[in-house]
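After this come two complexes, each holding chain A, first together with chain B and then together with chain C.
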Partner chain A sequence: MQSKEQYLNLYRECRTLIGQHSAPVMNVLRDEAHDELLRMGFPTRQAEDYKYTDVEALMAPDYGLNISRLDIPVNPYDVFKCDVPNMSTSLYFVVNDRFYTKALPKVALPEGVILGSLKEMAEQYPDLVAKYYGRLADVRTDAITALNTMLAQDGLLLYVPKGVMVEKPIQLVNILRADVNFMVNRRVLIIIEDMAQARMLVCDHASDDIDFLATQVVEVVVGRGASFELYELEETTARTHRLSNLYVSQEADSNVHINGITLMGGTTRNTSRVTLAGRGAHIDLCGMAIADGHQHVDNHTAIDHAVSDCTSHELYKYVLDDEATGAFAGKVLVREGAQHTDSQQTNRNLCLTRQARMYTQPQLEIYADDVKCSHGATVGQLNEDALFYMQQRGISLGEARQLLMRAFVGEVIDGIRLEALRDRLHHLVEKRFRGELGKCGDCAVCK
Partner chain B sequence: MNSEKQYTEQSALPSIEGGAGGGSSMLSVKNLHASINGKEILKGIDLEVRPGEVHAIMGPNGSGKSTLSNVLVGHPAYEVTEGEVTFNGKNLLELAPEDRSHEGLFLSFQYPVEIPGVSMVNFMRAAINEQRKYKGLAPLAANEFLKLMREKRAFVELDSKLANRSVNEGFSGGEKKRNEIFQMAMLEPRLSILDETDSGLDIDALRIVAEGVNKLKTPETSTIVITHYQRLLDYLKPDVVHVLYKGRIVKTAGPELALEIEKRGFDWIKKEVEE
Partner chain C sequence: MEQPQDKNLNNARTDNEYVRSLTEEKYKYGFTTDVDTEVIPVGLSEEVVRLISAKKGEPEWLLDFRLRAYRYWLTLDMPQWAHLRIPEIDYQAISYYADPTKKKEGPKSLDEIDPEVMKTFDKLGIPLEERLALSGGMAVDAVMDSVSVKTTFKETLLEKGIIFCSISEAVREYPDLVKQYLGSVVNYRDNYFAALNSAVFSDGSFVYIPKGTRCPMELSTYFRINAANTGQFERTLIVADDDSYVSYLEGCTAPMRDENQLHAAIVEIVVMDRAEVKYSTVQNWYPGDAEGKGGVYNFVTKRGHCRGVDSKLSWTQVETGSAITWKYPSCILSGDNSQGEFYSVAVTNNYQQADTGTKMIHLGRNTKSTIISKGISAGRSENSYRGLVKVGEKADGARNYSQCDSLLLGSHCGAHTFPYMDIKNETAVVEHEATTSKISEDQLFYCNQRGIKTEDAIGLIVNGYAKEVINKLPMEFAVEAQKLLSVSLEGSVG
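After this line comes the complex of A and B, so read on.
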């Protein structure tokens, strides 16, 4: 039996229950998603876009789901205490796929800004959500998106109306919490209207040592002249499998910065599809991964230069230790007429052991003749000359390696536009490389 | 071959004048053989350096000068196949490169390595604090450390902008060499090996570097200067000049030897050796 059957059966059996605990705007797309998943099935490694991550195998085990929305007791402030050192953000929690409303922050968001449970907001503002929900995330072309659309019941909505600037960064902490091996299907919709601005930090955590399979579909619609920054930081466990599909659409003169950081996880597959739909749009699409043990990190990116005069910068860096595997795919499509496109792509990787594996695949398709497109990929080891130079100055080999590894990923961190987050990440990365990520040392509890 | 003659010359070394410190040896190299990728480069080096002395090592290209300095500081690419080296009474060859540094051995690299992303400040702080740890001292407080950086920068007129950049990244040839001497000033080694520190320097940079080295000199510290040219030696005034050729020290004399080499080259020495 193919893995898809258990999910399709589940949907057919629980269709009503799923709908009851979700919003009509989300329910109307489920049947089509079901049919598409039935048609496509989950990709195996035969599929070009999933060559390095076997989704079919990840979907095979039996996971519990919380379709009838039972309350899972958790105090997110307990789970997350250690990693929020007063970063001055507006802090929100999503537990599994549910927006945590028990202790909302006192900070008021600017007038007109909507932030909250996708399900509830879709009931309160059906027209707004219906206009965007499922528009970018095409159920016909990706089985994970189809599955998520079929089963997702809640998640988060962020809406920033025209011309509004959200000064304070919004921090969203996703916490996976369950007592049995568990599947979560989370849905996020972000609408940044013309000339609006917002910055968002999303931190992923898992609070239990069980198998989690979390799918996530994030749709980001960015209007004319708008600016949006999205930082995603994954710090989960070796038993957490993350399948995240991010869709971004940008209108003219918009500016988007996306940085996806995998500090710890089991299997991570991030797909980022960006459409530069209006002239003068700019995207920075960045990411880094630190992986060891049997961790697997796969970043699949696709940037569509649909019109002229857009720029895209991609920078991804991996440090792979032990038997970790990494994959990066960088598709860039420059459509006919997309003149004066400026597209740069860089993927650099360190393999610290002979067993670590990195697969990197730039893929440029260019149908315009007046464009600047570059790409570069390297896989290497720590520079031995530099290590020896440092040793000669009295720095131990272990410490010299630390310095070089931190310097290597530092380039990605330095691209972060939030200063407090930059400092925090330098610190977290240092702890990660020292194998001390679990220990905090910064707060009263851990001391 | 002349290995015996060579040995006799070495034994006669203590009688050469100019050993400022006198007394017992700081560095003692005996019959050192070393190879890289199975190829023997050093074929029996003997060398004694006492506290306060400045030794110059000259020699044609490929004679083994850089190999000698690399072997002394413990470069992993080289294999010592025979001989012994003691440094302040310790068996140097048993020590890890970082511990040789902690014991007071410093190499000014011929080609200083660029380390993108590692700031000079973080690099020096790690070096200083590991040295302090080795000596059983607490790490320097941030302000004390920065004060030390400022003081030592002045020795070699190193721009504060350079000190805030990544290690050697984008430095000119001269800046890299000045940065080496700056690090030497920070670490206060007992024995410094300057491996062609004069190469690629213009006349002003050479003066700054040489004056920096001289200012750091004390009766307890020693220097080995590897060079092709007299001009650095004009400043550093060696007590002893050695000529290294085909992996052996074939001639040892006072500073006048360097002047003679400047005039006549190495051919006459090669000829002497071949005879």
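After this line comes the complex of A and C, so read on.
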């Protein structure tokens, strides 16, 4: 039996129940998503886009789902205390896929800004959500998106109206919490209207040592001249599998910065699809991964330069230890007529052991002549000479290695535009390399 | 200081005059030869495979090999992964064997060549008479359609123990060698076209360089398609035994025809301890006309196996012809310290499509590979680089450097790169770089300022861009390749 069957059956049996606990706007798309998933099935490693991550196998085990939306008791402050020092944020929680309303920040967001449960907001503002929901995330082209669209009941909506600037960064903490092996389908819709600005930090945590499978579909619509920054930090457990599909569409002169950082996890697959639809749009798409044990990190990016005068900048770095596997695929498509495109892509990787595997696959597809496009990819080790130099000066080999590795990933962290977060991440990365991340002493997991 | 500059300018001018005269002729190798050719009926079946084998008087084991390949081919579907739009090919509408050496009235001795065929090769500038060839110092195996017409300097080479002959002859004269190596690098199960070729292959060259021998002259094969509605399926096998060296050149042309012709070849190279093989190709099959009508489909599997320690294999290719090119000359580096190189210039113009690149498979310790690929696309063409660098678990200290540059001339063409890197060893150092750009306004302006016309300037810049690869070609080829580059791009800029 193929893995898709169990989910398709579940949907057929519980269609009404799923719909009852969600919003009509979200229910509209479920049947089509079901049909598409039935048609496509989950990708195996035969599929070019999923060559290095076997989704079919990940989907095979039996996971629990909270379809009837039972309350799961949790105190998010217990689970998560690792805030960012010196950074004042508007802090929100999503427990599994559900927006947590019992711990909202005291200071309200600027007027007109909507942030809340996707389900509730879709009921309150059906027109707004219907206009954008499922528009970028095409159920016909990706089985994970189809699955998520079929089953997702809640998540988060962020709406920043025209010209509004959200000064304070919005911090969102996703907590995975369950007693049995558990599947979560989270849906996020972010709408930044013309000339608006927002910054968002998303942290993924898992509070229980059981098997989690979290799918996530994030749709980001960025209007003319708008600016949006998204930092994603994954710090879960070796038994957590994350399948995240991020869709971004950018209008003219918009500026988007996305940084996906994987510090801990089991299987991570991040797909980012960016469409630069208006002239003068700019995207920074960055990411890094530090992986050990049997961790698997796969970043799949596709940037579509649909019109002229857009710029894109991609930087991905991996440090792979033990038997970790890393994969990176970066596709840049420059369509006919997209002249004056400037696109740079860099992927650099460190393999620290013999068993660590790295697969990298940068791709350029170019149909316009007046463009500047480049990509570079390297796989290698720490520089022997640099290590020797430092040892000569009394720095132990271990310490020297640490320094070099931190400097290596430092380039990605330095791209972060929030200073406090940058400092925090340097600190977290240092801890991660020392193997101390799992016992930070601040949160419930480590106590 | 002024003197050399002037000289360069003059050179540029004469070069371009030459180019212009060539362009007026368009594809100058597009003529056909009127020669009696024995063509077997169109279609592909087990009978046809048996017929080809029988015509060549092959031993039982080779017929078995062909039949196994044919039966396997029947189970396969045409691969779709390449970035190419390939119109459906009707394999039953092609004739798989055409022999221009057979006169209908009766058999003739092999040494006697039809004067028409002789003239054809003369016209192509390929010397079939040894006294002419002396000036070039090059031994040639000339293949027309499915048959090797003549191999020059065979005896001279044999004195040194070097075997250079057509593969059909090798099957007769040196069956053990052929049996040992045929299909050992490219298995008939390798891919769709490898299976097809293994089933119906006709002529090609066989080269064996014995231990400790340095081949005294360049070996070369010239492939010519002449007969209509035929496909060419040549097979080349090169074995370089311990401590030997050979430089091998390959050239090819075809007449201008409105229908497409299929060319599916296999080249296998075996490199033993401390041996070195240099394989150069100037591919100039008929590319189709300006509307994309006609042209050769060039679907080739080329692979070398560096079996021995310290062995070295170097591929150099200049790809200017063919309507569709599908070609990935590869190196399997299993000997310790072995080296693989791939230098490529691929030019596409009008409606040409090319999906070409290489595979470097590092299996031995301290293996090294270098990939330099330069793509130039113009008109409405599509040009892709596709490459794989694979480092196996035991390949300690493997090192790869890849550089893929694309140059776009015109706003309707496409340039793509699809590199794959699979690294399974932590001591490997792999680097890949790619850039895509057009000729910069500054460079053009600089040339214009100095009185060089835009068109000439583009010629200069393109040649400079491809120089890194062209320099790797043997001298005579390099000159030819440089001119080819300009011709292929003529009329595509400005």
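In this section, the second predicted complex is superposed on the first by the 436 of 447 C-alpha atoms of A that agree within 3 Å, B and C clash if a C-alpha of one lies under 4 Å from a C-alpha of the other, contacts with A are read in each partner's own complex, and residues count from 1 in each chain.
Here is the rule we use: contacts are C-beta pairs under 8 Å (C-beta built on N, C-alpha and C of every residue); 3 or more make two chains touch, one makes a residue touch a chain.
All of these numbers come straight from a predicted model, not from anything done at the bench.
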Notebook entry, point to check: Which term applies to chain B and chain C once both are placed on chain A by superposition, clash or fit?
Noted result: fit
Notebook entry, point to check: Which partner reaches more residues of chain A, chain B or chain C?
Noted result: C
Check: Which holds for A:399: it touches chain B only (first), chain C only (second), both, or neither?
Finding: first
Margin query: On the A-aligned overlay, A:360 touches which partner chain: chain B = first, chain C = second, or both, or neither?
Written below: second
Margin query: Between chain B and chain C, whom does A:135 touch in the aligned arrangement: first, second, both, or neither?
Written below: neither
Note to self: Contacts for A:391 in the overlay, against chain B (first) and chain C (second): which applies, first, second, both or neither?
What the structure shows: first
Note to self: Tell me the contact category for A:39 with respect to chain B and chain C: first, second, both or neither.
What the structure shows: neither
Note to self: For A:351 in the superposed arrangement: first (chain B), second (chain C), both or neither?
What the structure shows: second
Item checked: Angle at the Cα centre of chain A, taken between the Cα centres of chain B and chain C once the superposition is applied, in steps of 10 degrees -> 70
Note to self: Is A:339 touching anything from chain B or chain C once the two structures are fitted on A? First, second, both or neither.
What the structure shows: second
Margin query: Touch test for A:374: chain B only (first), chain C only (second), both, or neither?
Written below: second
Next item on the list: Using only C-alpha atoms, work out how near chain B sits to chain C after the chain A superposition, in angstrom.
Entry: 14
Margin query: Per the contact definition, I'd like the list of chain C residues that touch chain A in the complex.
Written below: 81, 83, 393, 406, 408-438
Margin query: Under the definition above, what is the set of chain A residues touching chain C in their complex?
Written below: 48, 336-337, 339, 349, 351-381
Margin query: Looking at the complex, which residues from chain B come into contact with chain A?
Written below: 73-76, 96-98, 100-102, 106-107, 109, 112-118, 122-123, 126-127, 130-131, 134, 166-167, 183, 187
Notebook entry, point to check: What residues on chain A touch chain B, complex-wise?
Noted result: 383-386, 388-397, 399, 403-404, 406-408, 410-411
